[in-house]
Amino acid sequence: MCILLHMSVLAPPAVATAAVFGSTGLAGRELMRLLASHPRMRAVACAADTRAPARCDLVLLALPHGVSGEVGRELAGARVPVIDLSADLRGEWQYGLPELHRAAIAGARQVANPGCYATAALLALAPIVAAGLVEPDLVVDGKSGVSGAGKTPTERNSFCAAAEGIAPYQPVGHHHQLEIEAQLSEVGSGPVSVTFTPHLAPFTRGLLVTAYAPLRPGAGQAEVEAVLLGAYRGEPFVRLVDGVRTQALRGSNLCHLQAWVDPERSRVIVAAAIDNLVKGAAGQAVQNANLMLGLDETMGLPGEPAWL
Amino acid sequence: MCILLHMSVLAPPAVATAAVFGSTGLAGRELMRLLASHPRMRAVACAADTRAPARCDLVLLALPHGVSGEVGRELAGARVPVIDLSADLRGEWQYGLPELHRAAIAGARQVANPGCYATAALLALAPIVAAGLVEPDLVVDGKSGVSGAGKTPTERNSFCAAAEGIAPYQPVGHHHQLEIEAQLSEVGSGPVSVTFTPHLAPFTRGLLVTAYAPLRPGAGQAEVEAVLLGAYRGEPFVRLVDGVRTQALRGSNLCHLQAWVDPERSRVIVAAAIDNLVKGAAGQAVQNANLMLGLDETMGLPGEPAWL
Amino acid sequence: MCILLHMSVLAPPAVATAAVFGSTGLAGRELMRLLASHPRMRAVACAADTRAPARCDLVLLALPHGVSGEVGRELAGARVPVIDLSADLRGEWQYGLPELHRAAIAGARQVANPGCYATAALLALAPIVAAGLVEPDLVVDGKSGVSGAGKTPTERNSFCAAAEGIAPYQPVGHHHQLEIEAQLSEVGSGPVSVTFTPHLAPFTRGLLVTAYAPLRPGAGQAEVEAVLLGAYRGEPFVRLVDGVRTQALRGSNLCHLQAWVDPERSRVIVAAAIDNLVKGAAGQAVQNANLMLGLDETMGLPGEPAWL
Amino acid sequence: MCILLHMSVLAPPAVATAAVFGSTGLAGRELMRLLASHPRMRAVACAADTRAPARCDLVLLALPHGVSGEVGRELAGARVPVIDLSADLRGEWQYGLPELHRAAIAGARQVANPGCYATAALLALAPIVAAGLVEPDLVVDGKSGVSGAGKTPTERNSFCAAAEGIAPYQPVGHHHQLEIEAQLSEVGSGPVSVTFTPHLAPFTRGLLVTAYAPLRPGAGQAEVEAVLLGAYRGEPFVRLVDGVRTQALRGSNLCHLQAWVDPERSRVIVAAAIDNLVKGAAGQAVQNANLMLGLDETMGLPGEPAWL
């Protein structure tokens, strides 16, 4: 606010224009919602017209997987910064998890926004893997609200199929699995194995991962909490809480973490909750956009949950 | 049906009377519902009056944890068979999981009905632990509908707290953890470690466990499926399915299982779904009662889901 | 049971074969479920092949509106009895609400199964309209679970659209409106006007109508209750309850009614709850089939709710 | 924004302090949430200490019905403005529906915040009653999410009782009924009768009323829409929409309206959706507080839905 006030006295506020490709999907619609109240960025929704970038300061790609990558590669030649929310370019472009790669994102022209499960899993696990507290053989059990299954009506995301119960899906080979492994292997001192099973749970927004890791000798509750507190001290969007639940995060860009150690079984359990459409998609894209445009990283992003 | 018809011609059908202690709780109410259509058993609801057993053929204890054990111990001296649905006597009395202990249950006078999470976890894991396919270091991630949190109104099971999201609870030290470990250690060739985290999910009935185990060398998808198929061939209430989801089991005493092997990470994932109030509580108690009274094990128990 | 036992002694039980056309929709699937446990009827699922009837005792049409009527008209020439669950033939064929037309249904060869909203609205209102207790100017506010919107995935019945809120749809001109008016005009002494607004509510099964009618002078709580009690005394599937809620009826063919009189405003309010897929569709079709085939009307039909 | 900026340059921003009594209930918590981002008001939560007002600019009473009225009456002697969110003082104090009583609220010291159902019903009906388009004999069918039943855990608002179905409650004599009648009688040309039935529906936030009124001769769809458009032109928080649904309003202070005329039955149906905790409680209280303190009426209030 101070910065904004300051600038508004010295000079008319500069407002960046962001072209949103794919603004009718769930992530795209959320981008439009967030940008509507962003003090320094303005959405310019448009179809996937690659001549568009000439007229804007940033491109946000929220197109279907497959299509998004193609458009992204075409745009990579232009001088405009691009953030792709799809899975297509996560191996090629700068990985857009600010808590791990803040400086690199700020200097990048092409950023691949992380997957929703990967965001939660990495925020839960990266610090303790990096600190060498755990063996690199992890289990990640994910639970997502139905908005994670996309907007196109299908048998699976119909109300009568998804309501009033829970089901696992694609327990082997989900593309977020490799994404989590790749990132954790980078922060750790070698290859990390992640067994990952996502589940479809009957609510619209919200995502929880419960991550399980074997503790190395000497590591206990105190060490785990110290590492997490140290890693996230000063982070605007990650908090350690007592009583993690996805309901507390609807509409917010926060990630809530809670860790428990079972000393008898030498295991640490870390639960991470996010709103899959915000910190898991559109909110994180805006956070990356802020970094790339030199704005305050939190600008336009709801911190405290919109409501409980 | 044939048996019943036959008997009704030859002689008046013998109908056992079952005293249900605690018939107003969720499990007790479900017992009353099941017994209402049981062809050979009739509920005699009553308060926790220990003189009652003299007038019935079986006692079903669905009292709160703590109370149930006390009443159970008092009744153990009487000649009447007793099934306790609480956690109180699970270490002392015959453990009532028919798929593991059918013969012993049939010959027992006191049976402790398994916990809901334990039922699902054991059906998922016991055969592969017994067959030596996995290392004895397991992770069990449980998700239960809110009826698992009991009927007494609390902050946690209120609609506004439990709806529209998911939350873990008591990740270390839940009493089902020791129950699962004790049973798996018995079927395996030594101590088994189980890390167990339950979650509260926004539906009324249904429970899913997703169990993760490190595969031993040589074990793959084929071996796991062969072991599960072998273990449950002929079992009336356990089925291997493609597309496990708790919604398919509401009101039924069935358990649905599905297993996946991730060969690159040498891990097997087994998901088990039940209706927590039926196979996870009242249905399993009736199944045990049938065994103890010499009736057909499936009598009065809905196999095919009441509805989808 | 007595009848069945009696017959099974005298002669092998005759089992009628019912061809179910459209067995994969929600109503069709529910028909299959109910017939699976019907002691005297057996489903023969088949595509819409009009040569099929020669080989069965009854045809149940659960095809999409439009298609169902065409097939029904073709079948009307055959000697086989037909029940159509669609809206297509409700003006032409015998209207299949047993509580109003039991004898006529038993003697009919072609029966049009009522709509789900119409079933609840007519059970709530027909007796008090017939008794002349109310002015013929009614308001019916309907609330249906999402299974009422069909199985085909659409924008409207997707989880993210339908969950976590409520919405009215088609407040003017819903086809059940004319159906309710036509039936009430028949039982009353002249034309009856019904304003009807359905709402889509976030649960899978269940339907509630709240009906409002201006009381005629002299009519009060006592008269309304006496009329309803008189009308439904002996009815196997209609009950007056205290605390009507759709949850209590899942999987059951029952209709629960509750009436309140507001004497200061001279108005009666009648709420009627059913399971839209059972008494509102498949269960009522089986009830009609039982009548048409001379079987006990309740055969194969769950009375007491499957569970609460 | 301009005003704020202007002031922040000329003088330190004046921030009013609001004492919130009862900040742990659902409405109180929502007040705290809204005030947290209010640019000119700051919450001072405190217990029901009537000496508190001396130290604040406004008192917001979100105490339980019964208690709130007592505290309110005590505070009425002090010079501090008070807004009571309970039902206790709605007959005595200025009625706080800004769309009907803006000027009077701005000049009042004691304001009674309307009930949630009354807010929606009055916004739906007041203009067409005032314009004489309808006969004064109305039916209001209300549907509320479970947060409307309060935070204290009870049998009724427990998850297992409220989920997966719908139920009416207190169809005669709900205190909002008299509140709606009193207000409509004031805007109309004489006594208005309102038959009102609330229902408990399975979602946390959101409230819909479906109101039914007999049209007077000459009134049709065009007249109704013209009256509503005229009444709400310029209103910051009321919008006529196509496709009213409560989901679209979560976290927002907006009211969405949609009207349909059934010309054959001479009836108008108006549906009004709000977030019961915002426009139906805390948001409206902040709106009233803004008016009483001379601030921009919309300050600190989310207009566009927080998210869909």
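In this document, chain identifiers A, B, C and D correspond to the written order of the chains, with residue numbering beginning at 1 in each.
By our rule, a contact is a pair of C-beta atoms (placed from the backbone, for glycine too) under 8 Å apart; a residue touches a chain by one contact, two chains touch by 3 or more.
Bear in mind the structure is a predicted one, so any value in this text is a computation, not a measurement.
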Comparing which residue numbers chain A and chain C contribute to their contact, where sharing over half means same and under half means different, the two sides are same
Please indicate which chain is farthest from chain D, where distance is taken between mean Cα coordinates of the chains. B
Averaging only over C-alpha atoms, locate the centres of chain C and chain D and give their separation in whole Å. 38
At what distance in angstrom does the C-alpha mean of chain D lie from that of chain B? 48
Return the distance between the CA-based centres of chain A and chain D, expressed in whole Å. 36
Of all residues in chain C, the ones touching two or more other chains: 161, 163-164, 202-204, 250
Provide the residue numbers of chain A that touch chain B in the complex, in ascending order. 137, 139, 141, 143, 145, 161, 163-168, 171-173, 193-195, 197, 199, 201-204, 206, 208, 210, 212, 214, 243-248, 250, 258, 260-262, 265, 267, 269, 271, 273
Provide the residue numbers of chain C that touch chain B in the complex, in ascending order. 5, 8-9, 29-30, 33, 36, 164, 205, 250-251, 277, 304, 306-308
Under the definition above, what is the set of chain C residues touching chain A in their complex? 26, 146-147, 151, 153-155, 157-164, 202-204
